[in-house]
Amino acid sequence: MNCIPCAEYIIVALMIGSAILAVEWRDLLAAAVGMAAVSLFASILFFLLQAPDVAMTEAAIGAALSGAVVIFAIKRTQRFETEEEERPGWWIRW
Amino acid sequence: MNVLSATGEALVLIGTFFYFLSALGLIRMPDVYNRMQTSTKSATLGSLGVIIGTGLWAVGMGHSVAWIVQTVVVATFILLTNPISAHALIRGAYRSGIPLWNGSVVDKYGEHLEAKAEAAENEKDEGDGE
Amino acid sequence: MVSVLKRSLAIITLLIIGYWLAQGLAGVPFGQDRMLVGKYYLENVKAQTGAVNAVTAIVVNYRGFDTLGEVTVLFIASTGVGALLWRRKKKRTAKTEGSVVLRTGSELLFPFILMFGTYIFIHGHLTPGGGFPGGATIATAFLILYMAFVDYEIPHRLFEPLEGLAGMGYVLVGLIGLAIGSYFLFDWIWQTWHWGAANLGRLFSGGFIPVIYTLIGLKVGTELSGIVDSMLTEEVRE
Amino acid sequence: MGEANRFSRYAYTVIVLFLIWVLLTASLDRQELIFGFLLSLFVASFTYPMFTSRGLGNLHPRRVAYAMAYVPYFLWAMIMANLDVAYRVLHPKRPIRPGIVHCKTVLKSNTGKLSLANSITLTPGTITLDVDGEDYFIHWIWVPDEVLGAKTEGEHVENASRNITRPFEKFLKVIFG
Amino acid sequence: MIGINVYLALIAIATLLAMYRFLVGPTTPDRLVAVDIMTTITTGLMVLFALYYGRMIYISVALVYAVLAFGGVIAFARYLEGGL
Amino acid sequence: MNGQYASLLVALPLISAFFVPLIKGLGGRAIKYYLTLITALQAGVAAWVFKTVYTTGKPIIVMAGGWRPPVGIDLYIGHFAALFVLIVALVSFFMAIFSFDSVSTEPTDKYAMLFLLLMLGATGMIATGDIFNLFVFMEITSITAYALTAYNKTGEAAEAAMKYIVLGGIGSSFFLIGIALIYGSTGTLNMAQLAQLAGSINPTVIKVGLSLLVFGLAVEAELFPLNAWAPDAYQAAPHPVTAMFSAFVVKAGLYALARLVYLFSHAAGWDFILKLLVIMATLTVFAAEFSALRQRDVKRMIAYSSISQVGLIALALSVGSQLGVQAGVFHMINHAVVKTLLFLTVGYVGVKVGGTGIENFSGLGRKMPLTAFALTVGALAAVGIPLFNIFWSKVWIIIASIEQGYAWEAGVVLAASVVEAVYYLRLIHTMWFGGWDGIRIRESLPLGTIALFLVLLILAIGVYPNPFWTLAKSAGTDIFNVSRYIANVPLMGVGP
Amino acid sequence: MSVPHIGLYYFGALSLVLVGIYGVLVKKNLLKILISLSIVETGVNLLLISVGYITGRSAPILSEGIGPKQAVDPIPQALVLTAIVIGVATTAMALSVAITLYEKYGTLNIEEIRRLRG
């Protein structure tokens, strides 16, 4: 009698949610944060799927390095998408 | 169910409760500085509780003593790194120009920065004058 | 309006792809035992490689060729980033100093993170981990120094040859295997001499897995910090 | 205080790293110990200049004793801080009056400043915003009247420091100097 | 082991609340704080699951998060204050 | 000598690429000599492997780590792989010599490393016998190709590389999903064992998985929906790299495609994949030929022509009969030779004259007579004039498709030849009858020798096709005859 | 036409892949496209791991009393280790190409870049 499956449902939902947000946000910095969140949830799922090696690698790479590399690129280019005003996409509009 | 297990479970319960509090603080507070105030502390203490509690619980359940050592190491690292990252983050937030909440009463840091900028300006002017 | 049209077209395409993929996946039900080669690995891993962690044994020993390729991929990425962002003179351009807390904190944490990275890759055959997370951890230590100090740079003179030497070391271990056991990437430490057979599950066992993982860890660490360095330094115009 | 000689700093680094290795592996197997010792010798050989400036002087019994005493004190302060936060978060009216205040410290060494900043961050209603020399700028969730009503800058700093930094300084002054 | 449901429920609520801040948080630092909190919570969760599965080796994954989340956060923070 | 020494094919370029950082202080020219030396050594090893395989008639199985195939990874160097490894090494050697003249962008040491690793990637893709190892080598090839495409650091080069990266990323993800599906339904990754188990897989899974694998490889093999990167990349990359792309990177992709498709020829739902391939190949041919007609830049024009020829090869491979595969392999060999010659000469003109626009070629016959002659021979061969090599392979493709009852495929081949004739003859006309500005340019000796060697090879294949057709036949049989492939791999008794 | 039944993990992984491909198809900003690509890669890794999972078994590390009969399939995990590193390499490579593009054209919008090239 435990509720680990419920936790799985919640984590999968959160992961998909952060993925959608990471794709939809116009602020690239926020998108990079979203990418880190996706990596975090994916890491928990790897953990739950009994793959600690993979979870560790995903953690080591997703927690710092991949986000940092994206940030360096943002720093050397520009932070916002320019095609429209600073405004969320049409299907998630807060 | 011996004493160690019971203590461990209690610590875990307290820790998760603090997790809950920190997330609630994240929701209720009006600006990013206050959010950081309420969430960082509670999350750190919550982690301490959950992690060390888990170690105690494991030892109480008959696992090896190595559990408690490892969990203490995790907790120590969290205790070391979390405040530093919170500090770096709040400094970054302030420097990137996010304004304080309307209800804030005093902002000495802004005055300090202005004074420093003015001093630098004056120095530059003097340098130009020479 | 065009944008909405484009998006709906994209979503319809995606739904078709998704349906197609889901049909394929429905033929591979979740959570069932379908192991064929995997069972062989699990049953023989301790006797044949001396490692406890089956994943590591597969990565380094049974499928060592993949790992060689993977190391090469990372090497290519480091080289490619270096080639693309190469300028005659490069320097860091940051202005704002980190606060004293951040600087001191990163100085204190740096040796610990190095130790931890080494711990991860040296225990690859016993606990989860291995050369890649270990190397990434070491690279993160250097990343933290880069973040904390505005004028820090990795020792290039040391790191670039080290990167090459570690890679050569990996291939050389393989070639020694070719010379001794007549197979490329042959595990000569375990298979010929049974080194460490007495203490399975302790540190000095696992054949050449710790050796290879040390090389991989060094290589990955230097490569990833090289990538960080190439991306952070910018051209200086005189 | 100055810097200790190189050997002492190196030895101190080796000791700390070896301790961390033992805790990380959580085992007393002889092979682990040998490897850990060699590894700490190696890692310490190029990290000791940045790791410590006082070397073995850190292991003076008085310092160790104060550090031991500091841990429970700090934990107690931290729990109090969290209860305070709990009160503020759960109270329906959300009793906050935030502001950034200015204090000064008497600590000299960087490590001491780091510990003080960390302690401040984790304890009642305060979080370190910036450290500039001996000036601390602290975001406070409830700026009390005595600090808010201070007439002069000096009084403000004095009142704030008394509330925030003093309690820790008496320990940290001994531990880190 | 009945208690684990309570802990999981509390952790789940906390994560959902943090996710809400991640979703609406008006500025990027807000989102970053939310992700940082989620990372810390995850570290605890992983240790808890390690006990649930009864295997100590899983703790090292949590250790990686405890050490390395720091690096990611300060990279973002240093970008925000213009110190890259 | 032990057959396991064939693993030097992979080990040699790797170790020498890792050695480059240690000698980078010696300067660019020394590194180029080093590059030439290593490629020559590689060609020697490849020649030894080729000789061993063709004299004994048995493939070399390299078992990495000493584990027998389903457990470990094996390199299967059969007739096809031995032939193409030799071609890869030779083309790399020629292009390393060409690099002396054509590559001057800094940093040269990184160029040398990437060059060696591109060669390594193609070699591995051709030789490997494990489906995931194929993926790894594919990534090595494509990541090196991204870096080399953008190597010139111009805007066009960066844009081409970006297109390539996005398409390649999608392609490799699809490939990995395909691997997941196929692994999930069989439990093994070894190609021979997959072929053994092919009959027992769920038909839906095989359809979805195999079409995902085909889509993933289509990026490397430049088939229609995923080849938008190719012309840009060909135009913007350094000249030797363009020749290498056309000569063997595409071939590696095509080979992998053919190998994977024919592995599953016993599976239910296989015809579906063949139909998919035929459609993709036909579209590739048409799209590329009609784009080539409009080009004003010769390098880009030849790039489109190369893509259309690739389409023809894919068409031949997807006929589904032994003769078709053999014709495809024969066309691969001819195409490698001809396109190496064309890109070599065009690149040389680009270096010496300063651009590859059609106006630079006007009067080339008197400006650089040797180069112009070689270019003419290459162009005529590419069109498929009798007495040149591609004529024979096109004939074999037509015969194979008519034998299988696809008359319209023969029509496609003929139509493509006509279109090619139009634009290649336009090029030749410009070269020999265009206005000349009175300048003569000295041509370098080594490159002239290479060009003449390739011209002679073209004429030799054109006049005496039989020995080469025999080679191509045995190589094609190696791909088509799956049961022999299974018998040749010493599978361990793991499995049901 | 029936809706195929797939498990939760497959669903999550598939959704990640689809969301990422959507980003690649629709977005015009290069960095956004690259972020979407890395999300696709994460989804594929998750898919590969869930193919190897066997209900009720533990990690394939044969210590602490876990025998060969109680462990999940180790091969996909080994594959995913490789795939993750390859993904990072691709991302780093792609970002440096994007930086070069920005230096040349001053924009990251792909349509703008195409227009500037003429």
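When the chains are written out, they are named A, B, C, D, E, F and G in that same order, and each has its own residue count from 1.
In this section, contacts are C-beta pairs under 8 Å (C-beta built on N, C-alpha and C of every residue); 3 or more make two chains touch, one makes a residue touch a chain.
Model, not experiment: these values are computed from the prediction.
Trainee: Enumerate, in label order, the chains that touch subunit D and subunit F alike.
Mentor: The common neighbours are C.
Trainee: By mean C-alpha coordinates, which chain is most distant from subunit F?
Mentor: Chain D.
Trainee: Any chance you could check whether B-E or B-C wins on number of contacting C-beta pairs?
Mentor: By number of C-beta pairs in contact, B-E is the larger.
Trainee: From the C-alpha centre of subunit C to that of subunit D, how far is it in Å?
Mentor: Measuring from centre to centre gives 34 Å for this pair.
Trainee: Could you please state the distance in Å, as a whole number, between where the Cα atoms of subunit B are centred and where those of subunit G are centred?
Mentor: Distance between chain centres, rounded to whole Å: 31 Å.
Trainee: How far is the middle of subunit B from the middle of subunit F, if each middle is the mean of its Cα atoms, in Å?
Mentor: Computed value for the inter-centroid distance: 56 Å.
Trainee: I'd like to verify one number: the distance from the centre of subunit D to the centre of subunit E, where each centre is the average of its C-alpha atoms, in whole angstrom.
Mentor: Comparing mean C-alpha positions, subunit E is 23 Å from subunit D.
Trainee: Would you pick out the residues of subunit G that each touch at least 2 other chains?
Mentor: 8-9, 17, 21-22, 43, 47, 50-53, 58-61, 63, 75, 77, 79, 81-82, 84-86, 88-90, 92-93, 95-100
Trainee: Which residues of subunit C are in contact with two or more other chains?
Mentor: In subunit C, 7, 21, 23, 25-26, 28, 34-35, 37-38, 41, 53, 55, 63, 66, 69-70, 73, 76-77, 80, 84, 96, 98-99, 101-102, 105, 108-109, 112, 116, 120, 126-130, 132-133, 137, 140, 143, 227, 231-232 touch at least two other chains.
Trainee: Mind pulling the residue numbers of subunit B that touch at least two other chains?
Mentor: 24, 36, 40, 44, 66, 70, 73, 77, 80-81, 84, 86-88, 91, 94-95
Trainee: All pairs of touching chains, please: list them by chain label.
Mentor: Here the touching pairs of chains are A-C, A-E, A-G, B-C, B-D, B-E, C-D, C-E, C-F, C-G, E-G, F-G.
Trainee: Which residues of subunit F touch subunit C in their complex?
Mentor: Touch list, subunit F to subunit C: 2, 4-5, 7, 10-11, 14-15, 17-22, 24, 62-67, 70-73, 106-107, 110-111, 113-114, 117, 120, 124, 130, 132-133, 136-137, 139-140, 143-144, 146-147, 150-151, 153, 177, 180-181, 184-190, 202, 204-205, 207-209, 212, 494-496.
Trainee: Which stretch or stretches of subunit G touch subunit F in the complex?
Mentor: Answer in residue numbers: 17, 21, 24, 30, 33, 37, 40-41, 43-44, 47-48, 51, 75-76, 79, 82-83, 86, 89-90, 93-94, 97-98, 100-101, 104-105, 110, 113-114, 117.
Trainee: In the complex formed with subunit G, which residues of subunit F make contact?
Mentor: Touch residues, subunit F against subunit G: 132, 136, 139, 143, 146-147, 150, 153-156, 158-159, 161-162, 165-166, 168-170, 172-173, 176-177, 179-181, 183-184, 189.
Trainee: Considering the complex alone, what residue numbers of subunit C touch subunit G?
Mentor: It is residues 6-7, 10-11, 13-14, 17-19, 21-23, 25-26, 28-35, 37-39, 41-43, 45-46, 52-55, 58-59, 63, 66-67, 69-70, 73-74, 76-78, 80-81, 84-85, 126-128, 130, 132, 201, 220, 227, 230-231 of subunit C that touch subunit G.
Trainee: In the complex of these two chains, what residues of subunit G are touching subunit C?
Mentor: Residues 3-10, 14, 17-18, 21-22, 25-26, 47, 50-55, 59-63, 68, 71, 73-75, 77-79, 81-82, 84-86, 88-90, 92-93, 95-97, 99-100.
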